[in-house]
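Would you mind keeping the following structure in view while I ask a few things?
For reference, chains read A, B, C and D in written order, and residue numbers begin at 1 within each chain.
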Amino acid sequence: MKHRGRGISAIEYPTGMNQNGDPSQVWIKLKPDGRVDVFSGTSDIGNGSKTIQTQIVAETLGVPYDWITYDNSNTDSSPLDTGTFASRATFVAGNAVLKAAKAAREKVLEIASKELEIDASDLDVVDGEVVAKGAPSKSISVPDVAVAATWTYGELLTGVGAHLNPFATITDPETGEVDLPPHAAISYASCAAEVEVDDETGEVRVERLWQCFDVGRAINPLLVEGQIEGGAMMGLGLAVLEECYPYYPGVDHRGPEFGAYLAPGIKGMPKVDTLIIENPSAGGPYGAKGISEMANNPQPPAIAAAVYDAVGVWITQLPITPERILRALERKERGEGEPRREGKLVSFDEELSVNTVAAEGSVFQYSLPT
Amino acid sequence: MHLIVNGVEREVDSAPLTPLLHVLREELGITSPKAGCQQGGCGSCTVLVGGEPRRSCLLAVATCEGFEVTTVEGLGTPERLAPLQAAFHEQYGAQCGFCTPGMLMASHALLERTPSPSRRDIESALAGHLCRCTGYVKIIAAVEAAARGDVASDQREPSLADADPSEPDVLIPGSPA
Amino acid sequence: MAVVAHSAPDLIRPGSVDELVGAFGDGSDSAVLGGGTVLVPELLHRRARVARVLLLPPGLDRVTREGGRVSIGAGVRVSELEDGDEPLATAARHLADLEVRSQATVGGNLCVRAGETPRGDLQAPLLALGATVRTVGAGGERDEPLEDFLASGAGNRVVLDVSYDDAERSTGYAAALRPHTHHYTILAVAAARRNGETRVAVTGAAPTAVRLPSVEAGGSPADALDDVHPQDDALASGWYRRRILPTLVERALSSLG
Amino acid sequence: MKVVGARLPRYDGIGHVTGRTRYVDDVRVPGMLWAKALRSPVDHAGIRVDTSAAARIRGVHAVVTHEDVPRNVYGHLEALGIPGDEPLFAEDVVRYKGQPIALVAAEDEDLAAEAVEAIRVDYDERPALFDIRKAADTDAPKVHHWGNWYPHFEGEMDRRQIRKGDVDRAFDQADVIVSGVYRPAAIEHCPIEPQTGLAVPEPDGRLTIYSVTQALYFSMGVVAAHLEWPLNKLKFVGGTVGGGFGGKVDTAADTPAALAALKSGRPVKWRWTREEELLCSSTRAPWHMEIADAVTSDGWILGRRMLTLHDSGAYARFSPYGLTKHSFHHTGAYTIPNLHFDGYVVFTNRVPTTAMRGFGVTGLSFATELHVSRIANVLGIDPFELRLKNANRIGDTSPNRIALPDPSTVPTILDIADALGHELPAEYRTMTRDRRDGELLPEHLVAQLASTEEAH
C-alpha cells in the first residue's frame, strides 16, 4: 500500500571559506573604444560566475552588459582568486569585481570631468554615457572618454579591486571561540517535502519539494533559481539514491558505472516550487549572499521527516533505501520501533551508537545523563 | 570508411571497432559530443545517426558506415541558433554546459518525431541524460519553449564579434580603423 | 587518433548465417557485436579481449508472425518490442533509456548475466511467454527452451532468434525500481497465462532470469522463495530481493485475472 | 538598478548551446601523449614497484612514480596549518583501493593502458579499516603510524571542541533529553566532465596546464609546491569547468600530467575514465553524528551535546577544515545557548573524502533537522512551531559566540508554511526575525544575546 507524508526543515549555511582569509583580486581595463575587459580568476563551474560578475561590472560601471568581456581563462592575465568553492564566487569575488569596477568608474569620471569641465562628483554613468547630474544634455559617451584618455591624456582607464575578509583565529581551542566573524555572511532556507512510500516494497518517491531561500539579493534570478533547483535534485539523490561507501549493500559492490551508481535522472524529478526572498546582506555585492552549496542541504531531512509522516519510521542513515524502510517497518511491527525511555531520556538509534560499538576506553566514548 | 557528418562526407581511418565518439572527437575534431562516461550511462555523447539519437560511445564506427551523423555543430551556429538552441540559452537550460550537447540532440530528435511533446514525452526522451547541475527544471522548460516556438525572434544575444559598428560611433585617431 | 589500436580485434561481416558459423568457430576467441551497448565499452576499457568481432548477418533484425509463432531476430532492437506483446513490452519499456533501448538487441539481452548491465530484463517475460531460442555454434544449430539456454549459459553459441506461440494470453508484470539515469529494475516478475497454464519468471533473483516452478504449480507467492536464492548487487541486497519477491509475484499474478 | 536583478542570458550560454565551449578535453595539441594510471587494487598494503618493463615498451615516453616528484608529500591546506600527509604517488605503502602508484604517458590511451599492465607491483597486504566507529578499538587496523585520527587541531588537540554556556546545568534543567544517531553516506560528486589535465611544455621552459580545477591559483600553488617551482614558471589555463561540486578543488590530474610532460618533453593529457571517477576519485565524507538535546516540555532547546566522527578516508586533505566548519554550525538554524561538541577526523582505508557542495554542513543539516523533527514528535509539538520558537534571531549568537546580523530562518519557515497552507497560531504567524524579547526571550537565552552594537 502507498502512503503519503510531508516533512520540513530549516537550515543555515555560511558564505565564504570558514574562518575567511580567502582573497579575490580583479583587474578591469577599458579598451580605446570604451569596451571593458574584466580579468578575474574565478572558475565558472556552471554556477554562473562569469554572468554574475559581468552583471556587477555592468551595473557598477554604468555600461551595457554586452560591452563587457570577461576573461577568467588563465593565470598569466588574471590575478589571484582563491577559487569557486565555499559559496564565495558571488560574495567574495563579486566584491572584488565591484571594487575594481568602482575604481574604473572613478577613472572614467576623472577623464570625463576634464572633458566636460564638470566636477566628477556631479557626474553619473548611465548606459555607457557620462552625464551631468540634473543636466542630462551635458554628456560624453564612455567610448569618447576612452578615446580622450588614450590619445589626449595618455592614460589607461583601469581599476583594480581586491576583497579579503580577514582570517578569524580560534583564540581558544577549548571552547572554539574566535576573534572575528568566521564567515563572510550566513544564508538561510527552509524546505518541505512530500513523499509517497510503498510499504510493501519500500520504494520511496519524492513527489514535491517546496523551498524558500533568502538569497540576500538575486543578482540574476534565473541563475539563483537554477542553483536552487539543481541543488534540490542533488539533495534528493543524497536522500534516497546515492551511496558509494559502504557501497550498499556491501563493500564489494562498488558501482563502476552509471547502471550501478544511482544519480538522479529526469524521471525521478519531483515538482519543485522555489520561493526567493531578498533580505540584503550588509557586506555582499548589492546585498547578495552565496546560496549554491546549501541548495542541496535542506531536502534530506525534510524527506526523512516526510517518510516518518508517511509510514512511521525514522530512517537516520542515508540514503533512505527501500531496504532500510522495510527493515525499519519490520522492527516497528515487532514493537522495536519506539525509542528507549529511561527517566527523562528518550533515546533513539542506540544500536548504531559509538558508545556500544567502540571498545571500552575509546576516546570517542561519553555517556549521557539520564 | 565514409561518414556523412553534418552534411559533409568525411573519410575515416580509425579502426572499425573504434567508438563513433572517438572518431568524431579525435579524428574529425568535432568536440561537441563529450566523453562523459564512455560506457553509455550519461548521455553527453549523444548524436543523431540516420536522424535517430544514439550514444556515440557505444557505436562501433563500422556500423555507422554511410550513415548521416549529426552533432550540435550541425544544428546551428552562434550567428544563427536553431530555435531549440535559442530556447536552451534563454531558459537557462545549460549551467556547466557539459551535458548540453547530448540534451540538445536528444531533444531535437524528440521534437522531430513529436513536435508538441507532453511532459512525459520529454522525460522519456531525456531519461538517460544525466545533468548534475540544473535539476532538469529549466531543461524541460527549454524543450517546452522550443516546442511552443517561444523563442526570441532575434534568437541570440549580440556579442563583440558582430557588434554594430555604428553604435557607438568611435573614431580611433591614428588607428587603421 | 585511433584509440583501439594495438590489440584491436578484426571485424568480420558475415553475409549469411553459414558464414557467421564458419567465422565464429568454436567461439573461444570471438565475440558477436549486436547493438554494441555491452561489447563496445568492454573492448574500449580492455575488459573484453578477443581476436574477432562478428557482425550479425542480414535478416536477423526482424519480428515475424508466421505459422502460429512470433519470431524475434537476435538483431531486433529492444525499442521495437515496446509496443508489442505483453509482458515483454512493459519489460522493454523499463529497460535503461531511449537511446540504449534503440541500440541494444534482443540477442545481447539474452546473453548477459547478473553483475552486468543490462541484466537481461527481457529474459523473464520471454520465459513467461514460453520462448525457445535458436542458436548456432559447435555441433550446429540448436533450438531449445529459453530456460535451458539460460541455464547452460550463452557460452560459445550465437543467438539467431527467439520465438514463442502467437496466441492470446493474459499477462502480468511487476517490478521494483530505484529510478536513476541508466536504470534497470532491481527485481521484476513476469507472468503469462494461456489455456490454464501459468508461467511465471523473475529477473534479478539469479544470474539469469529463472522460472518460479513453485508458483506456477499453484503455490502461494511466498513459495517463490523456494525457487531462488537472490544475491547482493549494487542496486539491492539479496535480503531485500527475497523480502519483496512475494509482493511482486502477487502483483504480477493479480493482473492475470 | 537595471543590470543587477535582471534575468540576463548566461555570458557563456551561446558557447554551451552550440557545443563550442572549450573544455580541457576539447583542447588538441600536436604531439600530445595520453596518460593512464596504475592504481592500487587493494585497500592497504606495503608495495614494491618495478616499472622497467613498462618503460621499455615502444611508444611509451614516460613512466612517472614518486621518485620523479621533487616534493611528493604536500598538504593542500598547509597554509592553514594542516600538515601534508598524502603522497602524490604511493611510496612504500598504499592506503586505499585506487591510490595512484605510477602514471604512464604513451602515444595513445590503449598503449598507455598496456604499459600500466606491464608494471610489476608486489603487494604485501595489511588489514584495512573501513568503519570509523571502530577506529579507536584497541585491535583496529592502523591507517597511519601516528594513529587513526587527526591530531593537529589548534594546540595539537586531537579533536575540534566547542564549549558554550553550562551544558550540565541545561541537561539538569531539561524536562526531556532526546538523543539520536545520524549517518549520511558518502556520495560521488559526479560531474559529467571527468577529471582531466593537459600539461604542455613550452619553449621557454614553462609549463602550460589546461586544468578542470575549480580554483586556478589554488591548483597552480599545488603543482608549484610539488615541482618546487616559482609560480611564474606555470601558466594555468581553465576557468571553464564541466561541473565540479567540490571534487575539482582536489588538484587530481594536473600534477601527474605535469610530471609526465616534463619527463617526456611532450604534451600529456590525462583523462580519467568514469570507472576511475566512481571508484577512485574522492567523495563526500560519510559522517557519524550523535546528538543529545536537553529540551523543555514546551519546546525550548536548552542545550546540545554532540559527538561527530568525520570519515576522512586515507588522508586528511580538507577534512580538518570541514570538521571545523561543521562544529561552527552544529546548532543549525536555531539558538541553543549551552553546547558541548567534540569532533574527530578519523582515517580509514577508503578513498580520501573531500569538499563537496555544502562541505561540513550537508550531513549536519540532515542530522540536526531530523533530530528537531524527532523532538517535535516526542513533545507532541507542531514541527513548524518548535522551529519558529528556537529559530535564530537578529542578535542571537552562534556556537562560537558571533552575533548574527541577519538571520532569516523565521521568514523562510513562514513562507513554507504559507506554501503548504499550514495553519499557525497568530503569535507564530506574525513572528519576525527581529531581536528577541518578551516570551521569546526566556531566561536561558538572555546570556547568549549579543549587545545591540555587535549585532549590527
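Definition applied: contacts are C-beta pairs under 8 Å (C-beta built on N, C-alpha and C of every residue); 3 or more make two chains touch, one makes a residue touch a chain.
Remember, it's a predicted structure, so these values are computed and weren't measured experimentally.
Looking at contacts between chains, the pair that accounts for the most C-beta pairs is A-D. With centres taken as mean Cα positions, subunit B sits 29 Å from subunit A.
Distance between subunit B and subunit C, defined via averaged C-alpha coordinates, is recorded as 33 Å. One finds 45 Å separating the Cα centroids of subunit A and subunit C. Centroids built from CA atoms put subunit D at 15 Å from subunit A.
Across the assembly, subunit D contributes 9-10, 12, 190-191, 241-245, 273-275 as residues in contact with two or more other chains. In subunit C, the residues that touch at least two other chains are 1-5, 45, 96, 181-182. For subunit A, residues touching at least two other chains, in rising order: 44-46, 48, 222-223, 231, 234, 237, 248, 254-255, 257-259, 261, 263, 265-267. Taken as a graph of touching chains, this assembly is fully connected, with contact between every pair of chains. Residues 1-5, 8-9, 11, 13, 33, 35-37, 40-41, 43-45, 53, 55, 96-100, 102-103, 181-182 of subunit C are the ones touching subunit B in the complex.
For subunit B in complex with subunit A, the touching residues are 37, 39, 41-42, 92, 95-98, 122-124, 126-140, 157-160, 163, 168-175. The residues of subunit B lying in touch with subunit C in their complex are 13-19, 22, 26-27, 38-43, 46, 52-55, 57-60, 62-63, 106, 124-125, 127-130.
Residue ranges of subunit D in contact with subunit C, taken from their complex: 108-111, 113-114, 273, 275.
Those residues of subunit B that touch subunit D in the complex are listed here as 25, 29, 31-39, 41-42, 44, 71-73, 75-78, 81, 85-86, 88-90, 92-101, 104, 130-133, 156-157, 159.
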